[in-house]
Structure formats: C-alpha cells, structure tokens
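Each chain gets a letter, A, B, C, D, E and F, in the order it is written, and its residues are counted from 1.
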C-alpha cells in the first residue's frame, strides 16, 4: 500500500502519459487472466480485490490517487483529473476498510468519463452503484464513512493491493481480478495476448471433444521422465 | 463478542423497551450508510458481516440472544420473545463459524414476525432461506450444525461483530452492512438522516451534470491551504 | 493440506473403489447440511470453500489430485482418470491462491464426465465457467496462472480444506459448503439422512404455523433444569 | 472496537469511580486465567492482545481513551487523567495497526503513576519500553507513527479487543492475556478467585504425584454415562 | 482439524503401536527442518503452530486426542493413556482459540511421563509452564477456560494443524515447527536424516570460508541454461 | 509482493549504486521509528515482518532478490552479489510461508559480509541463526524446505511486504520493524532524523519529571478549539 516515493505527498500531477487507447481497449477484450499470462505472470493485484457485482469487464488507463486511512478528500481532487476512458486506482497509506466511495462520487466520476474504480479499501452504496452500472473492484464493502481532513496525492506511482501502478498504465479488470500493464508495454502485451487467444479456441474444441491435454500437449514423455508412475 | 455484563448468563428478559416503530421504519428507508453518517459515524458492525443474498434492506427493533460456541439452544428461546417488526441479533461468547440457523428456525422466526437475523457466526440452508425471502447478515455460511446443551441469555446487551446492541435498539441492514441506533436516539437520528438525504438528491444531480465536488463544496481554498500543489 | 502419506508422491492410481452410485446420488438430494448431520457432524470442508456461482448443488465420487503451489501439471493427469459422475478434489501441498483451473481444463473435465471441481486454491475464467455450467468450490478466485513443472499424485488420500478425502468417497456440495462421506459408509449415511429429512417436512409446517420449538421439542423442562430464568 | 455510546465523542470525564484498590491488587495476584474463571468465563480481551515482553503481570484500574485511526492526540489528554495505580485502556474507532505509543509517552505515563497500557493497535520503541519496564499489551508492534488532528474521548465506556471496559474497572494482564472486572464486582470476584486458588495448590500436588484427574474429579462415571468406550 | 473417521467419536484406544524408541530419539536430534527434508518435504504442521517458549526441542511418540470447541474434558482421559516418552497431540473438531491446558494438567502429564503437548488451539498459565519446563506448541495463548461437557476420542487418527497424525507416530518439535513421521517409517527417515546431516557439516564449513553455493553445488551451468542473464 | 517491472525476470544486475555508507550507518543508530518519522511517515514494511530474535538492530544497503513460491534457487545467486554492509531483501512473486533460508545460507551470507536478511516469507534453523547472531526479519518461521527449479532476478526493484525497495536503498531494521530509505535521500533523511533525535532527549526528561505533553506541546488551545469538553 502507499506510495513508493516519499517526497510526493500533496502533489497533483495534471499531465500524464496515457497508454495507447487501442491497445488498452484490445487488452480489455482478452480479460485479466489472458493478459496476466501475456505479461509473463506478473502485474496482478492480490485476489482479495473483488468486483462489487458480477459480470463487469473493463479496461482503461489509470489515474492514481493516494489517500489516508479514513479520509477521502482526495477523491474529489482526482475526479477533476479523469478523462474519458480512465480507471481510477486508489491506494491507501495504511490498511483501511472504510467506505471511501458511494453514489455521489460515482455520479461525478461517470460524468467525467471514468470507466471504473479500483480501490484497496471499502466502498458503499453498492446497490445504487450496481443500478448505475458503475463497476468497482474493492477490498471490501462498508457503510463506514470517511472524513475530509488530510491531503494525499494524485497521479503519482502507487502500490495498490500488492501491485505498482503508474498513472497512464492500462488496467484490465473482470470477474477474475485486476491486472496492470505498463503504458510503454501495452502494445506488445496486446499482441502476445492476441496470439495466445488465437490458439485457445482450437484447443478448447479439441478438449471438449475428449482429447486429453496429456496428448494434446505431449505431456506423457516429460511426466514419465519426471518420475510419474501409474499403479493399479 | 459476548456479553458486557458477566452476571446475566441464563436470563431471558421478557419485557423490553422497543424503539419508536415509525422512527425504526424511517431509518430503514435511509439505509445503513446514511444512518451511520447521521449517527456521527459510529454504531456500525464490522464489515465482515455480509448478507446471504443481495438486495435485502430491512430495519427493525433488536431482540438479542447470547449463544455459546457450537450451541444454538437459545435460538428456540429467543423465538418466543420475537414480536412483529423485530430483528434477532445473535452474539457468540467466542469466535465460531458454525451454522446456527437454517430453514426450520427461519420458519419459526417468520411465523413470529421477525424481519431478519443478524448473527456473528455462520448460517446454513442459504438457498432455502433465499427462496423464503428471510434475510440474514452473518459472518459466514457453513453447513456445520450445532448442539443444544448450554444455556445463554436473551434480551441482555450483547457485543455483536464489534458493536454493542441493547434489546430494543433499531437495527438497519442492507447491502452496505449493519448499523445499530440506540432506541432512545432513534427519532433524533431519523431526523438528521432525513435532512442529510434531502440534500443528497440535489448534489447528485449537480455532480452528474459535471459540476466537480471541488467546486460544489468549495474545496479549492482549503486544499491549497493544506499544501496541495498542482504540477505538470 | 497436502497428503497424509509421505511416500506416495509421483503416483497415479488407476483403479479406485467408487462409492455406490445410487447412494451418492441420494446424498446429493439431501444437501450438505443434512448429510453433515447424518454423518454425526463430521466430514465438512472448512467454510472458506465457496461456490463460484450460487445455486449449484451436486454429488459425486471423488477422484483426488495433489498439486504443488503454483503448478497445475497434474490437472491434466487427473483428467484422464475421471469417469462420468466423478468430482475432482484438488489439494495443494502448501497454501496457495493461484488460479489452477480455467475454461480449457473445464472443457476437458466436462468431456470426461466430471460433475464439479473442489479445490483448496484459486480458479479463473469464472464467467466462462458459469456460462458453461461447470460448478467449482474453491478457496478464492484469481487470474494468476500456474506452471507445469513438478509432479504430484492422483487418487491418493488428500487433506483438502481440513478434511481427509479418499478416492471414491462421496462428495456433496452446494451453497452451504462441501461434505465428504467415506465410500464404505455412503449407503448407511443416505439412510440416516432420509429418515432425518422425512421428519423435517412435518416440523417445518408446525413451526411455520407458529408452534414454538420450545414446545415442539419439549425444551422448557430441560432449560429450567439447566438454570434458565425468565425475568421482566 | 470503538465506543458503545454515539454521543460521547470529544468528552473528557475527570471524575470516575475507581474499583476498590485492595481488590484490584488481589486480583492481580491471581492472574488473568484464574480471574477469568472466577468471573464465569467472561471479560477477556481477544487473544491477539499480547505483551511486548514476557513475564510482566499487573493489575490496576482502567482509565479509558478512544482514539481515531492513525491519530494519537488523545494519548496526551488521557495522560493528565492518570492516577497512581491506573492502567490506560486504549480503543480505536476502526481497525488500525499504527504505533500510537513510544518511549516519550511512556515517560509521561510512568511519571503520572500508570502501571501499564492496553491498546487495540500498535506500539513502538519496544526495546526502550522493555528497558524502562513499562509493560504494554497490544495488537501489534509497528514503527509507523501517528498524527495529532482529531479529538476522541477519555473515560467513556469503550470496546477494546472485543471487551467492554468502563472507566474504573479492574484490568488484570499477564502472559496469558488481559481480563476486565467491573468495578462494582471486584471484591466479589476477588473472593471467588481466592477460594479457587486455595483449592488449586492441593490439586496440583496430587496430580504431580501421579493421581489422575479422572479419579481426583470422579469423572469415570459421567464419562461412561456420556457414552465413552474403551477399546483395545 | 477434526477426525478423518466419522464413526470413532467417544472411543479411547488403549493399545497403540508406538514407533521405535531409538528412531524417535534420533529424529529429535536432527530437528524438524532436517526431518521434514528427509521425509520428502511432507508431514509438517502449519507454521502458525509456535512454541510457548524458545529453545525447546523434543521428539516422542504421539498419543492423540480429539476435543470439542471450548471443552477439555478428554484432556483428563488422554492423561491416563500417556506413557513415558509420549507427546500428546490434540486436535479440535472446529476452530477454537480457548486455553485448553494449564499448569494443573501439565503436572498430570509430566507425572505420566509426557514430553510435550502439541495442540491446535490455545493454552494458558504459560509462565508457570515455562518455569516447569513443559514445552507446548500451540496455535495461540489464551486465558479463556473451557468446560467439561462433551466426550471426544483418544488415540484415533486426527487432523492437527493441517497434518494427519496417527497414534504412535513420531513427533519432532522445535523452534522451527512440528513434523510428524509415520511410525512404520521412522527408522528409514532417521537413516536418511543421518546421511543428510553428515553432509551438512562439511558444506557449512565451505560456505563459511567464502565458497559460494553457486560453485559448491555446480549451479552456474543449470542457471545459464534456465536463462539467467548477468547485466551491468 | 513481486516485481514492479514485468520484463526483468531472469536478470542479475551486478553493479548497483549503493547509498552513502556513513548515512546508512547513521540511520541505523536512530532506529526504524525515528527514521520512519524523518521520512514523512512512509517507507515502512508491513508490521507482520518480525525479527526472529529480540534486540537486533541493523542498517545497511539493500541487495534485492525476487524468488518464486517454494523455490530458493536465487538465494545462492544473490549471495555472490553481497558486499560487506549489505542487507539482503527477498521478495516472493506470490504469498508463501516456506522456510527459504537456514544456517547453511546464513554461513554463506555472513562470509560475504551481509548484515541481515529481510524476507517476505519464512525461514528456518532459527535457533542456530540466533546462536550465529545473524538477524532475520521475516513473515514467519517454517521448517518447510524449498526446491531449486525456477530462476528469478537479483538487484531489480522489488515489492517486499508492501514497500518498494530498490537495490542500494538503505534498510533500517530493529524490534519496531523495517524501514527503507531511497539511496538518493539517505543523507537528507539522516540529517532530519538527527535533528529530531536531538529534541527528543530534552522532551523525555521533561515528561519523566511530570510535565504533561498537553503543556509541553501547547495543546490545550487547539484541543478546545477542536471541541474537546471536560466534564465531571
């Protein structure tokens, strides 16, 4: 949690380099699991981050916000920095389960064009958020409100749920979790993911017809070599 | 968890002072998040308390029961004390995840007029409970049954999921969590919540139209004073 | 977690004694809570094991697999040992939250006739699994993939989520959790469960009509004897 | 955690009724386990509360303080309310692991006559505290500092680590944990504990000589009646 | 947790096959880490099992006891089954943190010749236990006492902290944790551990003199083959 | 956990910029709590990181290593990159409690001049490590060994226990926890810490003499302004 850089508290960075929009959108179509594989199995937020409702699947460019425990003042500051297609990634300087975000802020974020919120803390008004169709991935749900007393920062690199997120990175989130792709690598990862995806359709058909992965992937030799023994 | 008063084990209090019914019903309409704010951000049960199905939203007056780990005998005792409009609040004297409550007890509670169960332990038969439309907020779901061997108490003050609940208090529960309002304060809190709610509709419309919270709440001055700096 | 028998690593047992199919199917109709009671309140997996989607209810015979952290190689080996009506029970030699299983493996498992997966780790592609109607009970959901580098074992006794599962045992899983019945005891437990179930319908009707459990179960005497006191 | 009484934020109660000093001291000699038994097995803080160094054993009268997450301002306010023989019991309005207390505050507390601190959060400077001989029971140890921005309350009833503590109650803390005895009940509990203790010396000698509890407590009959069977 | 065998509740097995005493003692000298390796990296209890004081290192043969949550009645039953050189392994049928064991029971266990207790729950009187020199590995420390109301079983196979323990198995416990060796395999594992240990002295000397593991184990080739790249 | 940079797997960086040695040593004298304050309350690893024995207090320059779950192969690779005065900071790509490090590796690390290990996983041989005087801060202690099968990286930025650590950064660790200071900022932070420390001695003397923090810090006015009320 928190920020990796101690001297950036109280700063709002207005101009950030956003990842290529086409790549960001393409990555969303592959989903978090495929993108995570295409990245080389890194970039994933911890699995305690769950969607507040099932079925949502989004991708977008990160605007980041660093908040203090029990204080959501900077949520209003980050709102102004949102551009259409962005996903707000909120980190807290210490562990906290309070409900930082509800339907009022969601109205504001949607008006600015935000596609989702990813927050390493709690949110509330989840029924209204679900009706509004504004997806959130969070650590928990809590009716506990927050105050507005301490400043944090916007668009600095943050550690959110065990992952480092830079402003402008691509965020891909769905029922399987949330993955972050560095902006500079989005195009390449999208290509790797596309190649991976192309192979999967064919494999799925084979497996569904009863072909075993043991045969399709030629695993019998390596398994025997590794010492696997069949007994009756 | 447990009881705050060591010398009340084995007691069933039959006559309790219930909160004003109109206030209890009004509080339910505002929801747990608004009520929690109107209370001054106290009275909330810990966020691990979750509904067994989404979308339920209730309020009612608490009848309380203190149970022992793995023993649900007192659930039958509390059933008799339920009056229409009550919500049963069940605390355990130690941490326990067993399934204390299922469809049989739910039939009984519903017949007595109970609106919901809030329990700092587990419940089971959740599919049937969902079909019956009897909402439960619990720590977990578990098929593990309990025995009937040790007596506890009914309608004493209990600590449930980190909150002190007196019999007769108002309980408000929905998708955001569970909040408790002291009976003597229910009318006042309902008024505060109503004022708060009245302001929110207008704010929501403004924010949805693109007005920033920064401007609507006049935050730019205080933020600058607190040291917030904008950089490029 | 893990295997109770240190010298069975790297073994695939091809012939296992499966529980009586009729008993296995009957047990599924009673559900995990009733079966757990009929067993004498043992055999339950820990309540952190949750279904990836609500409403699924299955029973079947266990084929077991022991995997290493972050390595799902043996999932392809166990696929070949599945017979129609089986449920795969996957244990890991250490705690792990990775996503061991997704839509490709599910296609393969379904083609082999598997009814479900129970895994003490994570799974992914949960939206697709839901669409396919392949139920999974797991510790968590995670997009994090696994490698194929180390062999484990298939059809040895495993410790899964705090329960010992032998290949061929009956697995009953639904919204309340997962319970395991030893193959040799399946017929007897099914009979106990049937008797139990027969009594419940009548009880439910009585309780729903307003009869109290206190009276239906003749509890007032024992409660008084245990020291319960009613006060005003 | 937190306060059970919503309308007492921002209050310092100067005059509190402290438990009988002789009883408080006597309770300390029996230790937390014996006192907890004498209370009827209630009054215990959760077992995550651990001493920062082994071997400390204290008792005293509670002065309570309710703090906000990450904010230790009220620690200076409570210091003034300490009288010789007191133990400060600190609760937080939300879960927090920050280090609220270190060697400077310990110097102040000791100068006022405090015997210990019990805090449902973190502390720091533990090596210096150990050298100073000021015992602390806490949820964790953390170098993370706190701010001084928000007021709480002093000498109101608080929920600390799952127990309700009123100012003036007796606190008994040692290597086994922390137990709270209501001020009004301290004399009676001390008497029960004394009787209990008197019996234990004799029992210990018998058991150490090889007499079995089975025989000393005449358990063989009840065990057989409960169904216990011996097999070879 | 719990028992793997549903129909063994309420049974005390008097005659058990204990592992070879010489092998049991030899295994203790190697320590839990070496024994765990010699076993093929299985047989370990979960790492939350910690000694109540540092420096203890024991081995012995298991007598097992299965207890109910909050109930230590069977502790007196198992005491009678202890023979000199035994270690009591206590499992609970559900998660529980209560203090099942204190100085009285320790006096009894020591009088019977027990070398230690391993318990998947809490213990108390830890200062006295430390002074008595009776080592315990437990999940936690808690002053909370238990009742004596429900029977369990003695000397049946139990699941303790994630490991299956049969009566008579060798238990090795020290500062690194607790490992269980099947009785039938104790001699073989002791031999493997002895060979392993013999090699370690020489390796330790080489590494201490500055030789790198990279060279001592000839790892540079395999690392390069695996793709490791050195950059400046 | 893990690495923030997806494309650096399988890399060993030989030349890193280490923080100023004098500043690194000075920071160690102030301790983790004071350094954390001097940093502006950032840079701290999560409080679950605990020393394996009390009283150790070190500072040094970080060499980092990224490992896979259950695999300590890279520990031998990082050993070669250690220079006198370094502290090894080990991160894992997923949560893991295995014992990655014992007395053999400690012999090697000490021979290379390492001052300590900080690892977001488990270690073993803790009694021997304590006798050798090699301090370790870890998430847990576990006898469970690891394999050597998969390569990771050395001297890349890693996320360890919630903090971002660059090779060459200053690590300060003691009984209060572990804090990381960016190499480029070590001199400045040491100066801030020195000024802070100078003030503390005087304050401690005042507080020990009975002066209240309320008066020493002139808090009475701000508290009253914040609304604090004294009652009897």
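The working rule: a contact is a pair of C-beta atoms (placed from the backbone, for glycine too) under 8 Å apart; a residue touches a chain by one contact, two chains touch by 3 or more.
Remember, predicted model here, so these are calculated numbers, not experimental data.
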item	value
For subunit D, the least number of touch steps when starting out from subunit B	1
Contact-graph distance - origin subunit B, target subunit F	2
Equivalent-chain rotation between subunit C and subunit B, CA atoms, steps of 5 degrees	120
Self-contact between copies subunit A and subunit F, residue sets same or different by half	same
Between subunit B and subunit E, centroid-to-centroid distance (C-alpha), Å	43
Approximate Å spacing (C-alpha centroids) for the pair subunit D, subunit F	31
Residues of subunit D engaged with two or more neighbouring chains	41, 97, 144, 150
Touching pairs - complete list by chain label	A-B, A-C, A-D, A-F, B-C, B-D, B-E, C-E, C-F, D-E, D-F, E-F
Subunit C residues touching subunit A - in the complex, by the definition given at the top	10-15, 73, 75-77, 79-80, 97, 99, 102-105, 107-108, 110-112, 122, 124-127, 140-145, 148, 150-151
Subunit C - residues contacting subunit B, complex	31-33, 36-37, 41, 44, 47, 50, 54-55, 57, 174-177, 179, 200, 203-204, 207-210, 212-214, 217, 219, 223, 226-232
Residue ranges of subunit A in contact with subunit D within the complex	68-70, 94-98, 144, 147, 149-150
Residue numbers on subunit C that touch subunit E, as the complex places them	1-7, 9, 39-43, 93, 159, 162-164, 182, 185
